[in-house]
Each structure stands twice: as structure tokens, then as C-alpha cells.
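One chain, chain A, links the two complexes that follow: it is found with chain B in the first and with chain C in the second.
Moving on, here comes the complex of A and B:
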């Protein structure tokens, strides 16, 4: 792992009644995509806004690039880019002019800026729309413009707060690929979302938040171990004359068998070729089935295991 | 420059609004100056008047009569009071001027004699009244310096005929002053609209919560950013003002660039500052573009109608004018009307200064309110 880019220690943010962030600590390392995963209201935005000095937090310490982050730490801000959940652009300016304006808040040199704006448009694939006004763009393109405005000045550290909410699948893939490109170009990315698939797809390390607390952290594979299962196989029976559950329970690596109507769910704690072994067993027993599915655990299972509730809202 | 450039670009997108309000002021003041020319036509004709001299043909009363003869056609109606009343009624004469007994004695001793003017209130009789007052004032001025009635009469005669260097009062070209003042009055509406609409719309873009957030996280020093924004607003308002002054020269003629014109121009500059402060104040309250369009329309139209921008103040009910004292536009329009009428600006400078000070007071008030409100909002 590279150098620490962000160090957060014991961060607490209290609103009048509510502890929105309740004593969390985490580090983000150079050139990784760091995922902040949690359901709505778990405190992700509050955390990001505190790190950015947009919010006055109650206690704790925040360091960026090894230095304390404050509202007037303009040199730290120079190396930081932020993309918020809501689109923030001027409706009176064109795509090009918008990117140019927000880039101009960081870079005053005209020539340098022009190149930056062109690069940003290319990265998010919005070059064909440079003369369009925001009103003329589809929702997905608008999000891409929003991202281009946040990263045009080539920041070393990029925060994205739920950039894919209510975005069509094609634009979403475009955005996720863009984020990976940014990382590959050497940027460090902090990415918050409540979509676990996205985190699994792009994040190098993940922190899972719930009710203002960090409930788990690690790489995707490390987290999945916490789910308690390695594999889940569901079998749809053709008829329910015979109950094969007792036989299945004795198979290798099986931790749990659960039957509801004609559906049997089998959980494993490891092993390979589990599905082949199960098919053999069912044939031997003369049990006929219509469907059979194998599932690796998801972060949703991890969340379910740790909190007793679903991550999805 | 980044902020200023974006500011200009956003304005450019709203250029239609500016054109609209410019067109309104052009149309209004063009229509108005057309009707003005008509009403100044009568000045060429000399009114018919009758003079009764009860001061027994004293030097001064004779001089007075001679002066009146130059400016009017003297008629004599025989047949007593009744015949004179009939003559007035049938407009055979437009006024009857009675020079009282002791006229000369009063003038020489510094008193103001009561010269009676009976008239049916026609336009030409108003002119006669003004002529009489001009002469009386001239007599008074020279009576302070000289005591010989002959000298007083001659000096007054010379001064009013424009033969001497002594200039006692600015000769007021009423017609062109009315033209100037009505242009400046209409300009109030256009200044308010162009400045308040555009600045509120532009600031609502810059201050929208998300754009604001993005600005705060950027490496642009936030104070510098605010300063740039303020300077942008200031230069825009100034540009609008200069534009309407140039337009005023075109619409209202050369009088705009005279000493008295300068008084109008200064008045409008102070008013522009006040409008800018109002724009800032409303921009702290109005975040939504739709709200801007609605509220600013109400404010500009309301101020214009209540304060005599469209309808001359003398035609408004008095309670409206009383209420309008609470609006800055009233003081601006009032000052324009004053400038159009006063014979001697130098003598009445206090009036002018007071109106300007009230406008300046409103400017400070609105700016302070805006600063307080935006401070409260930031703390939230």
C-alpha cells in the first residue's frame, strides 16, 4: 500500500439530537478506490462533508496529504476534487463553459485550463455536446457533465458522493469506467454509494457504515468471509413427495439446509464442486428438480449478517 | 476574471430582458416628448391682458406696465367691474392685473406689494403669472441695492431683457426641462428592472446551494470570490447607468449635459446605487429563478406606479404619495420633478441634497439588511 492520503480519527458529527457520525476512524491510501458503503442516512455524506471542511464536525481529527484539513487550506483543496450527489452546474452556461468555469476556480492559466477542459470532456465522453446547455442534456449526460466539472483540474484526490443515483445503466457503466480510469491515471478516489454491486465492481477497499458507525472494513473478499457462508445453492423441486433435506445436511461443507415449499436453500462454508456433489446426491436419491442455482455471497449478505437487516432500501 | 467572465456570460443569456426594458423606456419617453411639443406651442402667442394701475402712475408702476406691454397685449375694457368680469369670462382678456396703491413705496422699502391677478385659470394666464412674478422678483433684488425708483425700474428692465451681465436667476427652459425630467422618471423603471432582474437572476445561479458548495470546496479563496462577485455586480450596474445616460442624451436632447442636467445625472447615479443595494437585498431572499421573476416584477412595477414614474405625481391621490415616502423611488422622482421646476437650483440646493441623502440612506439600509440576512443564512 502507498502513502496515506486521508487519515480520519474518531470523527464525531452531532446534529441537535442525532449523532450522524459516531466516532469513526479510517485511512485512505494513495491510488486506491476507497468505497464508503451504507444505506441511506448512515452518515456517508456527513463524513465526506466533514473531511472537506464543509461541515464543522464536533470532534476528531482529519488529515489530508498528512496535513490538517481546514476551511482555508486552499493548497490542500487545490489537489482535491469533489462530485456531489446533486448536479451543480450553471443552466446559463454551455457544457464547455461550465467545465471551464469550475476548472477556473482552481487554474487561472488560460492555456493550461483549455487542455484540462478538453481532457475532462474526453474522459467522461461528452465532447460532442460541448455547445449544449444543461437543459438539453439527458439525465445521464448531465451526471457526466457534473463529474467533468469536478475533476477537470486534475486533482490527486477525488470524492464522489453517490454519483450514480437515478442514472440509466449505460451511463452508470460509463461513470464507473471513468472512475477506474482516474485511479489508473494515479488519482485516489473516495466513493460513496448505497449500491453494493458498484462497490464490488470498482472498489479496492471498502468501509461499511450503519447508523454513523463503521461496522466492517477490508477488501471485498475479506468482507465476504464475514458473511458466514461461502456459497449458497438453491434447488427448485419438481414435486414435494420426498423430503431430501436430511440427506443433504450430511454432505461435505454443508452448514445449513432450509426448505420452504418446493425451494431448498443449502449453505456451504467452503469447498469446491459443491454443486456437482449436490446434483449427484439428488440423482442417487431419485429426487427430480426443475432449477438449480449457485450463488456466491454478496455484500448484502455481509450487511445482513452484521446488522440483521437488508442493505437495499 | 473567471468569476467576472461567467457573470458576463450569464448576463448575456438574459440579454432579452435588458432589451425589453430598454425598449420600454424609449417608447415611453418618445411618446411623452411628442405630447410635450404640442403643449409648448402657446408660448409664441402673447396673451391679452388688462392692467389697472392704482399707484397713480408712479415710476415703478409705469415701468411695470411697460414691461407687461412687451410680454402681452394690453387691452382696456370700459364699462366698470361687470364689463371686465364679462371680458374675463368670454376670454377677451386672459387676466386682469391690479397694481395696488403704494406699490412703489412698498418696493423701495423692501416690502412685497400684493399684485392681484384675476384670471379664469387658462394656460396663458399661468404664463402671465410667471411673467409678473419674474418682474417682481427682479424689482426686489434691485431695491436692495438702489433706492432711486428710476434706477430700479431701468435695471429691472435691462436685466429681464437680457441686456445686462447681471444674471439673477437661471432662465429655465420649462419645455426642455420637462422632457429631461420625464425621461429620467421613466428611466427609474428601466434602471430598476435591468439591474434588479439581472442581478437577482445571476446571483441566484451563483448562490444556488450546489454551485455554492462546489465553490467552497474549490481552491479559490472564498473572500476573493465574494469580492469578485461584488465588483461584477457593481460594474454591471454602472454600465447600465452609463447606457441610460447616453440614451438620455439621445432621447431628451443636449440639456442632459448642462449644469442642471448634471444634477439629474447625479440623482440617477445615487438612485442606481440604491437599486443595486435593493437587488442585493432581494437576492438574499430569492433563491428560485421563478420567485425572482415574480417578486421583482411586483417590486419594480409597484414602485413605479406608486411613486409617479408612469403617472405624474401630481395626478396621484395624496394617500398614495404619503405611502410612497417609504420607497426610494419616490425620492428620486420627487427630486427630478423638483429639478424640472425650480427657478434657481442654487437657492434651493438643500431640497436637492435632502432628497439625495434620503436615497443614500435607503442604499445603506438595504445593503445592511442584505448583509445581515446572508450572514444568518450562512450560519444555518
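Moving on, here comes the complex of A and C:
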């Protein structure tokens, strides 16, 4: 791990009756993509807004690059880029002008800024739309513009707050690839989302939040171990004359077997080649099947295990 | 940073069609409508000299300044008053019969005006006597100083009448102090144009408020983006304010060109002062817009409602919807018109139109500058270290 870029200690944010963020602590290290995962209302955006000093927080401490973050910490802000959940662009300005305007709040030199704007447009793939106004762009392109406006000044630390909400798959992939490029270019990224697949795809370390608290943290693999299962195999039987569940239960690493109609779900706590062993067993028993699928546990399984509810509830 | 913000603020304002309409086009449309609606009416309904009575007693006759001034105002084709010199009983009868607008009797050297109702003629009558009173004090003071000077220099044979006449001529010139370039009768179309100018000045608050909203994290997503940037709030505020003032300046310029060359409004000989007052009024409007944006923590549309309501209330109390309201406020709650920027603008414009003396104009101009400075100071203070409880 590199140097600490963000240090949050015992952060609390209260709104009258509601404790939106409840004493959370975490560190973010240089050149990593740090995921804040949680359902809507879990406190992710409140945490980000507190870290950015937009919100007054009730207690705790926040340091960026080793220094306390305040509303007047302009030198810290200079190294920070933010992409908010809501698209934050001017409808009166073109794509180029929007990026140039926001980049100009950080970089005063015209030549340097021009290059930054061009690089940002290339990174998110909107160079062909430079003269378009926001209302002429599709939802995906608009999101890409939103990102370009936040990263054009080449910040060392980038916050992305649910940047892929309501984005088509092609644009989503483009955005995620762009984020990984930013990390590869040396930036530290804090990525908040409630899409677990995205976190799994791009994040180096993850914090899972629920009701303002951190309920789990670690790498993706570390978190998946919390799910209590390593692999799930589902078998679609061709006929249900024979019930193979007792035999399957005796196979190596099997923790649970569940049969519903013609579908058998087998849970494993580890091991390799589980699917091959299961196929051999079914053949030996003369059980014919139509489908067989293997599934690794998802972060949703982790969330389900820890909270008893789905991440998307 | 300032230039960057200034340049894009201009782009943002000129790219916002609604804003362009309400702040630039709407006053022009209103000016043309006023011209079409009122120009013929004014030709046919030009106000006649105002009939008044003066109680011709020893108090009046001993007050040389008033008697001489009223004599001048009651003479010629462009006279302001048709004056009947009579006793108080007869004046009361004439007033009751509606033969005169009001009558004046003098007590303790001061005029006591009696009118039957509130109206334009009554207002003019009061304003004229106020102005004569102001100039009378000036003449008396400077006359006394001159007499003291002559006594000190050993002149014991002073011609008091000649001294006061000379001082009166110095103060008033050869005129009475009233407007010298336009007809002696009041042009209510000009009042409408002044009201329009005041409204255009105050509507500039829409420009600055829109730009400020773009800078506030609790109002707009772009505001959040600007707030997390290292651009200092003061610099952003000044850039926005300067750009708003530029747009407003050109808006006013177009309005004045239209009023002067298309509508052919008569601004007399004091156009530079009128434009200066308009610019100060615009500054007051702009800073009011900034203050509403910064200090009123509600959504964008609600802020717009607050600003427009404040401007319309200011217009109402300043007499834009009926000139008698201004006098009611002046008599009963004078402090309200001293803090009401619309009243400062209209009062300054009226005073430039009707009086030669620039005293009221200067007071109004300074008041507008002070109002703007206070609004800016409050706004800067509100912006300093600004964080939000919720977003």
C-alpha cells in the first residue's frame, strides 16, 4: 500500500433525529480504487460530502493528504476532483466550454488547460461531440461529460459518486475503463455505488455501508469469504425419478444441498473442480440433467449474510 | 481566474433566453408599450397650471423669498400656479368649492399647506413649496453670512434687500429652481419611464442571483462542483458581479437609446446624472440579487419569488403604482424610503427632472452606493467559510 491519501476517523453526521453517518473510520491509500458500497440511504454520499467539506459533520476528523480538510483548504481542493451523482454541467455551454470552464477553476494557464480539456475528452470518448450542447447528448454521453468536467484538471484524488446511474451498458463500460485508466495513471479513486458488479470489477478495496455504519471492509476476495460459501452449483434435472441429494451431500466441500422441483442447488465452502466431481457423481448415479451452472458468491451474498437483506432492497 | 469567471458568466447569461428576455428585452417592450399607450393621452391631457390660493396677510408679505418666488411661478405661459391672493376664509371657501387645489398661509415664516385630497396636483404643490423652503433657508443663511462679512469690513450702510436679492439670484439663478428645459407641467409619461428605468435597474438582481446560484452548493449541482474547486468565493462573486454589471450596463444603454431616439423621451439637461443614478441603481439591484442568493437558503425558484416580491414591494412603496404612496411613506415611515433602493432611484430621477438643486440627487446616489456596499458586505460575510447542514 502507498501513502494514506484520506484518513477518516470516527465520523458522525447527524440530522436532527437521524444519524446518517455513525462513527465510521477508514483510510484510502495512494493509487487505489476504493469502493464505498451500500444501498441507497446508507450514508455514502453524506460521507463523501463531509470529506469534501461541503457538509458540516457532527464529530470526527477528516484528513486529506495528511492535512485537515476545511472549506478554505484551497491547496487540498486543487488536487481533488469530484464527479457528483447529479449531472453538474451548464446547459448554456457546449461540451468543450463546460470542460474548459470547470478546468479553469483549477488551471489558469490557457495552453495547459487546452491540453487538459482535450485529454479529458479523449479519456471519456466525447471528442466528437465537442460543439454539442448538453441537451443534444444522450444520457450516457452526458454522464461522460460530467466525468470529464471533474477530472480534466488531472487531480491526484478523485471522488466518483454513483457516476453510472441510468447509463447504458456501453457507456458504463467506457466509464469503468476510464476510471481504471485514471488509477493506472497514478490517481487515487474513491468510488461510491450501489452496483456491486461495478465494485467487483474495478475496486481494489471495498467498504460496505448500511444505515450509516461500516459493516464490512476488505478486498473483494476477503469480503466474499464472509458470505459463508465459496461456490454454488445449480443443476437442472431432466427427470425427477431419482433423488441424488443424499449422495451429493457426501461429496468433498459440500455444505448444503437444496432441491426444489427439478432444480438442485449445491453450496461449497471451498475446493477446486467441484463441478467436475458433481458431474462424475451424477453420471455414476445415472441421473440425467439438462443444465448445470456454477456461481461464485457475490457481494450481494455478503450483504445478505451480514444484514439479512438484499443490497438492492 | 477573475477573467475566466467573467468570460463564462457573460456566456451563461447571454445563453439563458429567459434571463435575456426579463432583464434586457422586457424593459424595451414595456417602453414601447408605454409610448404607444400614453403619448397621445399626454398630448390631450397636459396638466394645466395648478390653481392655488395664498393667504395674503402681513406674514406672507414680510416673507420676501416666498412672495417673490410665487410671483415668478404664477407668471407667463409656462406658469406652474394660477395664484389667487386672498384671505384665509375665502381660501377655505374656494377649496371647499373645488376652485383651487390647495391654499397656503404663512405662520412663523413657514408655509402651512392645506389640501382636500391626495393627487398629482397636490403632490406637485407640496414638492414646489418644499423646494422653495429649502432654497429659502440657503438664501437666508448665505445672506446672513454676507451681512456679517460686510459689517466686519466696516460697512455700516448695508442695503439688506440688495444683499438678499443677490444671494437669491446666486442660489436660484434667474429661475425659481424648477426644471428649465421641459414644460412646467408634469409629464406622467416621464414618471412611467422613470419607474421603468427603476424596475430595469432592480431586475438586474435576476442576473446576479442566477450566477450566484451557480456558485452555491445547496442550490445547484454545478454549485457543488464550483464549491469543491480551489477558486476562491470572493473571486467567483466578483467575476459574477462584474459580468452581471456589464450585461446590465449594455441593457440600460439599449433602453436609453430606445427612450431617446425612438420614443423620444425628454430627459432634460441632466442625462449624465440620470445615467449615473441608473448605474448606481443597477449596482443596488445586482447586490440585492447576490444577497438574496447567498442569505436565503431555499431552492432556486423560491429565491426568485423572494427577489421579485422584494422588488415589487419596493416599487409599490416608492410610488410606482400610485405616486401618493411615496408621499404617505415619506410622511409616516420616512425610514422605509431611505432603505428602499427603488425609492432612492425614483426619488433621484424625479429630483433631477423637477429641481435644479442637486442635493436630493446626491443623497439618493450616495444612499444607493451605501445600500450596495452593505449588501455586498453581508453577502461576503455569508459566503465566508460556508458549509451546509444538508445538501
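Keep this in mind: the second predicted complex is superposed on the first by the 312 of 313 C-alpha atoms of A that agree within 3 Å, B and C clash if a C-alpha of one lies under 4 Å from a C-alpha of the other, contacts with A are read in each partner's own complex, and residues count from 1 in each chain.
We adopt the following convention: contacts are C-beta pairs under 8 Å (C-beta built on N, C-alpha and C of every residue); 3 or more make two chains touch, one makes a residue touch a chain.
From a predicted model like this one, the values you see are computed outputs, not experimental measurements.
Engineer: Quick check on the chain A-based superposition: chain B and chain C, clash or fit?
Structural biologist: With chain A as the common anchor, chain B and chain C collide in the superposed model.
Engineer: Figure out whether A:188 sits in contact with chain B (first) or chain C (second), or with both, or with neither.
Structural biologist: neither
Engineer: If you stack the two complexes on chain A, which partner ends up touching A:106: first (chain B), second (chain C), both, or neither?
Structural biologist: both
Engineer: Output check: A:93 vs chain B and chain C. Expected answer is one of first, second, both, neither. What do you get?
Structural biologist: both
Engineer: Could you tell me if A:84 is touching chain B, chain C, both of them or neither one (first, second, both, neither)?
Structural biologist: both
Engineer: For A:56 in the superposed arrangement: first (chain B), second (chain C), both or neither?
Structural biologist: A:56: touches chain C, not chain B.
Engineer: In the overlay, answer first, second, both or neither for which of chain B and chain C A:42 touches.
Structural biologist: A:42 contacts neither chain B nor chain C.
Engineer: Check whether A:164 is in contact with chain B, with chain C, with both or with neither, and answer first, second, both or neither.
Structural biologist: The answer is neither, since A:164 touches no partner chain.
Engineer: Go through the superposed model and pick first if A:267 touches only chain B, second if only chain C, both, or neither.
Structural biologist: neither
Engineer: If both complexes are laid over each other on chain A, which piece of chain C (1-9, 55-63 or 145-153) hits chain B?
Structural biologist: After superposing on chain A, the stretch of chain C hitting chain B is 1-9.
Engineer: Following superposition on chain A, which residues of chain A contact chain B and also contact chain C?
Structural biologist: On chain A, the residues that contact chain B in one structure and chain C in the other are 52, 54, 71-72, 74-75, 77-78, 80, 82, 84, 86-90, 92-93, 97, 101-102, 104-106, 108, 149-150.
Engineer: Enumerate the contact residues on chain B facing chain A in the complex.
Structural biologist: Contact set of chain B toward chain A: 1-2, 5-6, 9-10, 13-14, 205, 208, 210-211, 213-222, 225.
Engineer: What does chain A use to touch chain C in their complex?
Structural biologist: Interface residues on chain A, with respect to chain C: 15, 49, 52-56, 70-72, 74-75, 77-78, 80, 82, 84, 86-90, 92-93, 97, 101-102, 104-106, 108, 149-150.
Engineer: Mind listing the chain C positions that touch chain A in their complex?
Structural biologist: 1, 4-5, 8, 11-12, 15-16, 214, 217, 220-222, 224-232, 385-391
Engineer: Which residues of chain A touch chain B in their complex?
Structural biologist: Listed in rising order, the residues of chain A that touch chain B are 52, 54, 71-72, 74-75, 77-78, 80, 82, 84, 86-93, 97, 101-102, 104-106, 108, 149-150.
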